[in-house]
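Next up, some structures in structure tokens.
Two complexes, one shared chain (subunit A), two partners (subunit B, subunit C).
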Partner chain A sequence: MKARKLGRGVAIVGVGMSQFGAFPGKTTRDLFAEAFLEMRDAVDKGLDPNDIEALFIGNYSSELFEGQGHTAPIMADWVGLMPRPATRIEDACASSGVALRQGVMAVASGLHDVVMVGGIEKMSDLPIAEVTDTLAKAADVLYEIPAGFTFPGFYAAMATAYMHRYGASPEALMRVALKNHDNGALNPKAQFNQTIAEVMASKRRSAEKKGLPVPEWADEMAFLRDDRANPVIAWPLRLFDCSPVTDGATAVLLVAADIAKQFTDDPVYIIGTGQASDTALHGRSNLTSIASAKAASQMAYQMAGITPADVKIAEVHDCFTIAEILASEDLGFFVPGTGHEAAEEGLTARHGPKPINTSGGLKAKGHPVGASGAGQAVEIFKQMRGQAGPRQVDREVDLALTHNVGGTGQTAVVHIYERK
Partner chain B sequence: MSDRPFIEHSFQAFLREGRLMGARSRATGKVYIPPRPIDPETHSSDMEWVELSGQGTLAAFTAVFIGPAAMVEAGYDRKNPYMSGIVQLAEGPMISAQILGLDAAHPDLSFIGAPLTATFLQRGEGDTGRTYLAFQTS
Partner chain C sequence: MKARKLGRGVAIVGVGMSQFGAFPGKTTRDLFAEAFLEMRDAVDKGLDPNDIEALFIGNYSSELFEGQGHTAPIMADWVGLMPRPATRIEDACASSGVALRQGVMAVASGLHDVVMVGGIEKMSDLPIAEVTDTLAKAADVLYEIPAGFTFPGFYAAMATAYMHRYGASPEALMRVALKNHDNGALNPKAQFNQTIAEVMASKRRSAEKKGLPVPEWADEMAFLRDDRANPVIAWPLRLFDCSPVTDGATAVLLVAADIAKQFTDDPVYIIGTGQASDTALHGRSNLTSIASAKAASQMAYQMAGITPADVKIAEVHDCFTIAEILASEDLGFFVPGTGHEAAEEGLTARHGPKPINTSGGLKAKGHPVGASGAGQAVEIFKQMRGQAGPRQVDREVDLALTHNVGGTGQTAVVHIYERK
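Up next, the complex of A and B:
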């Protein structure tokens, strides 16, 4: 693989995101405006929106979720950016990770100096069964979906292959959910702003209020093993192994590195980007790893001139708990087959040696699919600049990584960030 | 053995005839299922149809308790879950299919490696009818 370099440096100087959750009264453009305004106000030395030259917006399926196509120009219009070019990027759940890469390329090429990258998805208008069917369209509808696979089903199949090969237990998956809820509880923008213990308490309160028998669990793991409280969706994955249905929007302001100091004294530089594709799950030689994620990360590491050991924190694509374990191996943080042990031992906890998903991840923060990739960059920017509030990691973060996957790895995109 | 084009329509027509067909690259001898018009290794379009034995083993699976609309229509739900799997075929490639003959209500990792045989399920009739590839425990 030929080593590639960016044509010139690219920096993030501002980020924003809407609240993540289910918002029946809001449409995509409302959420996008929220993210835009937060991004604008977050630029330390101020942003004149007129300086934004182009928009790249990740979105999986506004047609199916909201009945609205051609969404990018509408978003640009709603934040007052006519007649700037606005382009929608669709790579399933990797849409805005790929939009970020398109924005990086637009700046690195010299075509633009200031670019806005965004992500949008409004999923909660559809009944849950239709959401499942809509997401399934990101797989191969001719050859995978007729087998009865759903997205939880695909990742469940990867989980069976992984557990069978490496002896991983369902408890390892539960540990990922516990950790990400612990982090999400400290993120005021998270859809699940609750630890598992808090979820249990609220279920007890609600049973009490309704005059029903109040459920008792010995601890969080007993709750997560309870078929009633945490039902199987696609075995071995249960409800709390799955990311939720989420409405949300995210925004990232990219500028050429040589003008970054006009916006802030503390920019975060994107020093590596990689993207790769893969065939349907059944077409792969290995079901316990996502080859496209490996390839994308190798490209990004090579461009950045760093190794996995140099990465201080990472936001990875935990659409399902097993996905975080696979990612922790594919990115080179842990040896293949040991990611489940790392999760059980707490190595990826917020104050562990390799913090993963301090935001709560897609699991607890929420997963508005087309907005999730840029949302990862939002968390990294805050953590690197010490602005993550109560979930701030306890160390200097000079190098960080994001990993965003579309489908079961038909697309993977990885970025590496540096704070100087 | 067949001059049908290497498209999904042909694959479906074979399924309706009870045949599991792949495309073999004449350049490398490698068999592809689903069938493809271009060998991804050599980019040659010199492909031929080959009938697969339908024998395989279970490589990965899930028991689906919350199914998509099509499977709900077929009668599956939380009380009657079904299994979807990835089957490693005797000829090498893997394919996705519904798995029959294993207890979907009590899934177990020991199901992996189970020997399987292709079978063809008919769902619906007339214009909405379709033949689905499935695998049954041998």
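Up next, the complex of A and C:
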């Protein structure tokens, strides 16, 4: 595909997100309002919400999760933005990454100067078996689901293929979980803001309280290898290899680059965007790489005029730990087959040479599927501007990347960010 | 809102649509392929499908209608367009009108030169009560549906408010049905391609065959007033005031204006686009007009630099007959309160001064909800280029309009087309 340039520059000038977790009393509307209000109040020079001209809202399936279709104008109405156009974007778990791309196009097209990109998902109201079924509809329901697959199974198939091909061990996957929990522990919005060591301590305390035998583990890896503490979901994926069921909403304010300074002296520019598709997993010859992620990132790199080595931090789509390892290769950070070693050596840790998922990732921060893509941009905006608090990386970040995947990679969308 | 110009001109160079109707053996994939292949083969100077760079697909609820989410990349894969980015747009029955707007932005942004806009919906597999429930999710499920409303009820409320305020009669609504069936009878793709007179004749034949008393009606209006032939669904709306449950797909090929002549010597340019939202019906003070449709059309008129009087033909969202009358006023074709007279006087007939819904409209052509918006553009493209066969209007059409509504008007999207 041809390299493209945007007709007009685009910048992020404010972000917001709700608490991530399971909130039985809250609807999508409540979560969206939380994210919207935080975004509104976070714009350095202030935002008059009336200046927002359009909304692009990523949502996987409000109709299945809470019985509400046509959800975009309802969100816009809920926060007082009538009669702004409000559009729902759906590409499974890539919904709000793709919504971000629509927002970029809307500004670059000249049609809008100020748009809001949102992401929403309220998953915890359904019984867990129905959540699994609902998510499974993001696969191919004619050719895959009748064979008994659900998403842990799909990613387990990728993990076993990867392990077989490159000699990787389940321990490499566990290292991803360890790291992302370490980061999530420093993110007050995360669903799981505990390190694995803290999880172990809390399990011991709870056993003690109940008068049960108190489990002892030599270290975190011993805990993660323990079939009772960390049961197998779909081998080699265990509980701590899987992202959780999450309620949450995210918000990103995009403006034309030429007016960005009206909102903040420190905007973050989106200088590359790429999106690609792939056939569903059943039709692929290679399970150790997600072709759409490769294609999307190549588009984004070309547009931005940078290489993978230029990227200082990245938020990648770790719906399962194996997905982060595949991403680290598909994005060109590591040579194919070496991503697992990079994870084991700590190269992707918060203060390593290539920090990945400083937010805690989908794994620890939580994965409200339609909200996750825009949520990645929230973290990047904060890190680039030095506002990530205790999880702030220890260097200047001039270039960053987000990578958001739908399904098993039928959709992938990548954005590249620059701080000048 | 400010008047806007696109950063880059956009043209339609090819269109396609599947047969509209109820097709028990077909999936969305089959319908989409039908529309895609017709579009591919309809491009005057030929189309290499590999030149398509992205897909924007309007779909209301493939997940509820046929259990398939993440449907956009599946459609793209089905017609061999991997790894093109494929994005699903959902704004209820305005989904593919809004998808058309996303396609316009994608080209105007400079990100793409050639994009396909599609619309899909496969509604007839569910039992009819579930279809009604599925559509009802496009209303407000917290505040409206628990009160017992479904869509015929919403539009009946608008119809009674309109009749009360302006002294309109149910006969004005019947005139809309008569006209749209007259047009649909000349559209070989229409679900109902019979005039009301033909419907009457077929009912008489069928009674005769069964040895039942053969009904006699003085004329079409007598037929439409007959409670047994045309039962009340939600007063004043009767069966023939309602659009049907339809399976169908539509396709529109958009390209940058500067390369349009590579595809055809006779492109149709999109010179105006507008989209707006409104609160759900329960929160409105006025039921005799859809504010979002007014706002969206004003945006589109401003962008195009034309007035309602300049529009030669229009496809409007007649999900119910009252909706066409409201649209004819909201779009500025007729003064508020006079749309019903215009309908009764035949001003919107195919050879009247302001032809509306020459395709048969959603009423007779059919209403596969997520496909209807792009379907309107299909008709406009054909009419503007003189390719509408026996239903071709009797004058040159240099300017035309489409008007697509989601729900009761929580979304409305309007496009304006020019043939040079």
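Just so it is clear, the second predicted complex is superposed on the first by the 420 of 420 C-alpha atoms of A that agree within 3 Å, B and C clash if a C-alpha of one lies under 4 Å from a C-alpha of the other, contacts with A are read in each partner's own complex, and residues count from 1 in each chain.
Criterion: a contact is a pair of C-beta atoms (placed from the backbone, for glycine too) under 8 Å apart; a residue touches a chain by one contact, two chains touch by 3 or more.
All of these numbers come straight from a predicted model, not from anything done at the bench.
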Which superposed partner A:H351 touches (first subunit B, second subunit C, both, neither): neither
First (subunit B), second (subunit C), both or neither touched by A:M82: second
Touched partner set for A:L142, first subunit B, second subunit C, both or neither: both
Partner contacting more residues of subunit A (subunit B vs subunit C): C
Contacts of A:K45 with subunit B and subunit C, given as first, second, both or neither: neither
Which of subunit B and subunit C A:P236 touches, first, second, both or neither: first
Partner chain in contact with A:A280 - subunit B first, subunit C second, else both or neither: both
Which of subunit B and subunit C A:Q410 touches, first, second, both or neither: second
First, second, both or neither for A:R395, with subunit B first and subunit C second: neither
Touched partner set for A:R8, first subunit B, second subunit C, both or neither: second
Footprint overlap on subunit A, comparing subunit B with subunit C: 142, 280, 283
Subunit B to subunit A touching residues, read off their complex: 8, 34, 59-72, 76, 78, 81-87, 93-98, 107, 109, 112, 130, 132-133
In the complex, subunit A residues that touch subunit B: 129-130, 132-133, 136, 142-150, 152-154, 156-161, 163-164, 231-237, 280-284, 287
In the complex with subunit A, residue positions of subunit C that touch it: 1, 4-8, 27, 53-54, 60-61, 63-64, 66-70, 72-74, 76-77, 81-92, 98, 101-102, 104-112, 134, 137-142, 273, 275-280, 283, 291-292, 295-296, 406-407, 410-411, 413
